[in-house]
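Chain nomenclature is as follows: A, B, C and D, assigned in order of appearance, with residue numbering initiated at 1 for each chain independently.
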Amino acid sequence: MNYRLLKQDINLKPFMTMPPQFNRKTIVMRTDKVYKCEIINIVELTGLEKLFHLKILDPVEREIFSFRPGQFIMLEVPGFGEVPISVSSSSNNREFIELCIRKSGRTTNMLHRAKKGAKVGIRGPFGTSFPMEEMAGNNVLLIAGGLGLAPLRAPLYWVIERRDEYRDVAVLYGTKEPEQMLFTYQYEEWEKVNHVKLLTIVEKADKDWKGRTGLITELFEEINIDPDNTYVIVCGPPVMFKFVCNHLDSLGIPMNRMFVSLERRMHCGMGKCCRCMVGSTFTCVDGPVFDYWSVLNLQEAI
Amino acid sequence: MKYLGIETEKVRIGVFDFTGCEGCELQLANKEGTLVSFLDLLEVVNFREISSERGDNYDVALVEGAISRDNEIERLKQIREKAKVLVAIGSCACFGGVNYLKNRFSMENVVNEVYGEHKVETRRVQSIGEVVKVDLEIPGCPVSKEEVERIVVDLVTGADIKFPKYPVCIECRQKLNTCVFDLGKICLGPITRAGCGAVCPSSKVGCLGCRGPAEDANYDSFRQIALDHGFTAPRIEEKLKFFNALGAALQK
Amino acid sequence: MKVDMNINVHHLTRVEGHGDIHIKVKKGELVESRWAVVETPRFFEAMLRGISHDMAPVLTSRICGICSISHTLTSLRAVEKAMRIEVPETARLLRLLAKHGETLQSHILHLLFLAAPDFFGTGSVIPLIKSRPEVVVLALRLKGLGNDICDLIAGRTTHPVSLVVGGVSKAPSREQLETLKETIGERIQDIRAVVGLFQTLSMPDFVRETEFVSLKGSNRYPWIGGELVSTDGVVKAEDDYLAMTNEYKEDFTTSKFAKLSRESFAVGALARFNNNYNFLHEKAKEAARIFGLTPVNHNPFMNNIAQIVECYHVMLESIDIIDRVLEDGCPESICAGYEVKAGEAIGAVEAPRGILYHHYDIDENGIITKADCVIPTTQNNANIHHDLAELVKQQIMLGKSDEDVTRLSEMLVRAYDPCISCSVH
Amino acid sequence: MIYKVITKSEFKKFINGLIKENQTFGPRQVDEDINGKPIYQFREVHSFDEMDLDYTVTYSSVKNFFLPFREILSRYTFQGDDWEQSLEYRVNPRVIVGLRPCDINGLAILDKIFIKGAFPSPYYLARRNNTFLIGMDHEPLEDCFCESLNHHVVRHGFNLFCSDLGDRYYLSIDSSKAFNFLKNVETTEPTKKDNEKFIARKNFIERSFKTRVEVTGLPSFLDIEFKSPIWKKWGDKCLNCGTCAMVCPTCYCYGIEESIDVSLKTSRKERFQYSCNIVDFAEVAGGHNFRPLREDRLKYRFYHHYRGFAENAEEPICVGCNRCGRACLAGINPRDVINDLRLESKDELPAT
């Protein structure tokens, strides 16, 4: 007779040897395994932000990876850390993903020094997404402040690629200063080719700025909003979306048709570490996309 | 290492000491298991305690000790001019350290006590930061080699340098130590910045706060707790002021 | 014959602290030779005033970054003598073990990191990593062992934490001690290799007769407490240290000087060896004989060799100490309780660089009212100073160049393994 | 569940058998506090006699056997401008003896989060699957309040559970492994009398609780009291030192950090146990802190513990062991804080 405990090795289970599929949340996977990517292009947007094009190297992993607008990935820079970044590209693009990244911390500072051809890792996608199908047949209003345009780019691509399915599409975009405007090289295409109404505004103009000056809510005066047929997505700092959503509420748009993307510190992306908790809710699993009604019901969200 | 397309370069360092015991410098030669790799990250341009090489072309100056003489101020200013990054290492450099205990008395009194009739020049002790601009402070009496290694790796790779903001208690509990207060001794762990691996409480000796205050340290509550445990106010103050690391924060 | 010479070494390298060498020779005559300590005084005696007795060991350990365990133990001895505290035997043994760890790491640091580059013609140990890797490996392993001993017993090597008034605050476990003993056993071959290495190097041939002062062993090689003795036959009680040190002040140096029967005396490994040869472990004596080192030896460069002999000795003695602690069964409580009382006492301990004294007056509240510390390097300074003059005179006679004299003078000072910040505590 | 009865001498034989073959941990006295009270921790043991099975309570919980305070999640090896990732979930089997019902219930709560929730953790699972747990009942201490949370009894989550019947143990066997191991020693089927004694013992323990915390309706109550001034009162005392979270059997909030080794050849990605009480827990990269005040952070821990989060079906995750209360230097404990909140809300009610 024996008292020896035999080692139970979970490595031997078949799903532990396959590439992890992050859209299946309930099986034990190698959730810390990253998909290795190559930075195939770097676009300098502003002094602080760069757009990175990442191509997943392994063809099987590239095949598995798909995301919905609003979802984020965890971007791993081996040795320096991992950060949550919302995907800025079209979900139809299966060749590479685009990430717009601001330099603000250990990991992103390193990333900004990286050269084309460098290899980084991603895990994901994680989190909830915008209800794009539900919005079909309606007007779509996208409102962004500052870096908030980055997560709005994915739903915008979605709408543009299915332009017939949506009615009026408008983007309201405001920043503090003109030089902080992101993706300016695309504005003309959005307006002329894709029939998107684009209004921009800055809080503080410089000598070259010829557009509007003021707060983002001033843009509301320039568009007609039909409260019964409009879906809104708002991205930006909490003060901004609180202000904007209250205004939309006064126009009669139901709160469950306004969507925001919350930003919190995340360490795991998988509903474990609790760093991203808002009240009793995980931003990473139950968010980052919430309708405004849910946000109002979260303790300490705004 | 040529990672992310970034070529890493050795850090050219100079190591300098002022009023102190040189124990922190000595830590640089410790942790023998990784010492060869550690030295490989550096180009030692000037390090009097272990090397006869004396150059001026250093990027990073590690400065140990406090300032307590006029000629030290001059030497420090020269180093500041040459160094791109000036790092204060150890509690003496960061806060004045135990040397600050001298400042309780008049300098005349101090000189008389030790040298009698012989006049020796000395001045009130100052930390490095009180004399020149300091770019980075690595606290500890002595500094922890693990932390120094981590920081040097960050310097070489060009990554942002981070220190723990939490107090020693976390590290102490993680070692499954018995709380030093439960053993009937006073411990500054709850208000002191972690990063030392709770070395003192792990030996059942109270923390003396050599690493300076943890972020948002709750002094009022701590004082009350120490009084409630039966320690007298002078005894508590003696501990709080020992390295001048918390003392500096208390005065602010 | 070389006529004029002007040597100024500002901030001598590869020693602890700041010291300068000045030599001036005119027309073949030595005009001036000086060993000047320019280290900043820290006034520890003043700092100690008004400090609680149990903080004195913590404070004084900060006198030195290399021999902080010695300072702690000296301070503890003074406090415990003043308050008549009986330290449990196991705690005594563990303290001695920590002491041996310090001696080993300090001696190895000096021999292989600081002094060895002189013999291999490099500026520091760093080039040796590539050119003489076998030497560096020895250095790292033995110094690592010394540090491991200190870390285990004292909590850490620099500024120990678990050596407290009454005993030791935390005892190592049986398993830890058994592992340590095994490791020391394995490293004996490394110290043999160091002996082998130094056999290939030649110590400069220089003799200047002097007096050697150390603790006096009664039944074993002395480290902590006991009578004071000199090779000139002086024997004094521990409490009578002032009559042994006779400190005085010279203008050109911030450190004090000291003398006994002659113009200067020496302390340190060679002094301990000269006074206590009989108590050395047989194997250590054997190592000494290989180098022709016998008592009383008057070549200061042989202090290096005496250090090797002591390393051998402390490693072997450490194994004996661990055996005794294990026999005692690792008792739980190794820290005596005590009542605070007034008192005055002197503690004397053999630090790696020589005999160290702390003298405290403590009031009835346990507060230090007066303190005096006499550091080994302070006692050696005058001897270094006079050796320097003699060495330069001999070198001029041999017609040596400036470079040679400079190099040899530096080596001479290093041979004393001075701890300068200590000496200007 | 299968029940058996074993004499204490046979039990000792059984445990020594396990110790001989497996790495084993059990309650050991590690210190004595200033008042002469023994302090226990789960430590490695090499024989039955090293354990103190009549111990009161361990200072820290067993949590760190499953969620180590620091754990490597993956390693990267660098070569040129490329790297390779490696992951490892292998752990050696071990035995832990002497867990109290609240300890086991704490693990059951962690199971919900780390195995049954979204993205089950392979690291936790490997440790859980490879640990053989032997539980033991005990008489509650003055300040235990596990009964208030219904965690004084345990129904699953262990391999073997022992109820003390004086000279014998009444064994609840919840795994085939335990059942097979017990074939090595002599056990008997429980008699009717054994069953009666077993029930009497349970009732006796239940009656012995001296501390009660009213937890009915606590989740919604905490939502309502989110802005209560009581939090400032306790927040002012709080040292934000994280001690409570470290000793707690269920606090699992963590952080992840990466570091490159001195050789620059490899790096580690590590998970480290953290606490929502710590100043930078909710700080984001730009420097903004979502919980800047001590009271915000203290409140948050209570909110998590007694309201529960979505991952855990919004149930309290506290098991009532009061380790946090005992360890807190500032004297903050769940009973007093919750009572304070309840009293305060009573005061606010209009007089009827």
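The rule is short, and it goes like this: a residue touches a chain if its C-beta (ideal position, glycine included) is under 8 Å from a C-beta of that chain, and two chains touch if they have at least 3 such contacts.
Just so it is clear, the structure is predicted and the values come from calculations on it, not from any experiment.
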As a test of understanding: of all chains, whose mean C-alpha position lies farthest from that of subunit A? C
Could you put a whole-Å number on the gap between the CA centroids of subunit C and subunit D? 51
Take the average of all CA coordinates in subunit B, do the same for subunit D, and state the distance between these two points in whole angstrom. 37
Averaging only over C-alpha atoms, locate the centres of subunit B and subunit C and give their separation in whole Å. 25
How many angstrom lie between the CA centroids of subunit A and subunit B, rounded to a whole number? 43
If I count partner chains per residue in subunit C, which residues reach a count of at least 2? none
Each of the following residues of subunit B touches two or more other chains, namely 3-5, 157
Could you list which residues of subunit A touch at least two other chains? 78-80, 105, 117-119
Give the pairs of chains that touch; include all such pairs. A-B, A-D, B-C, B-D
List the residues on subunit B that touch subunit D in their complex, please. 1-5, 8, 34, 37-38, 41, 149-150, 152-153, 156-157, 165-167, 169-170, 173-174, 176, 178-179, 181-184, 189-191, 214-218, 220-222, 225
Subunit B-facing residues of subunit A, complex: 77-80, 105-106, 109-111, 113-120
List the residues on subunit D that touch subunit A in their complex, please. 17-18, 20-22, 73-74, 76, 78, 81-83, 85, 87, 89-95, 113-114, 117-122, 125-126, 129-130, 132, 177, 181, 183-184, 223, 226, 252-260, 267, 269, 274, 276, 281-286, 290-291, 296, 300, 303-304, 307-311, 314
Per the contact definition, I'd like the list of subunit B residues that touch subunit A in the complex. 3-6, 157-160, 162
Quick check on the complex: what are the subunit C residues that touch subunit B? 11, 13-18, 40-43, 45-47, 49-52, 55, 58-59, 62-66, 68, 109, 113-114, 117, 123-126, 129, 136, 140-141, 143-144, 147, 154-159, 161-162, 164, 169-170, 249, 254, 421-422
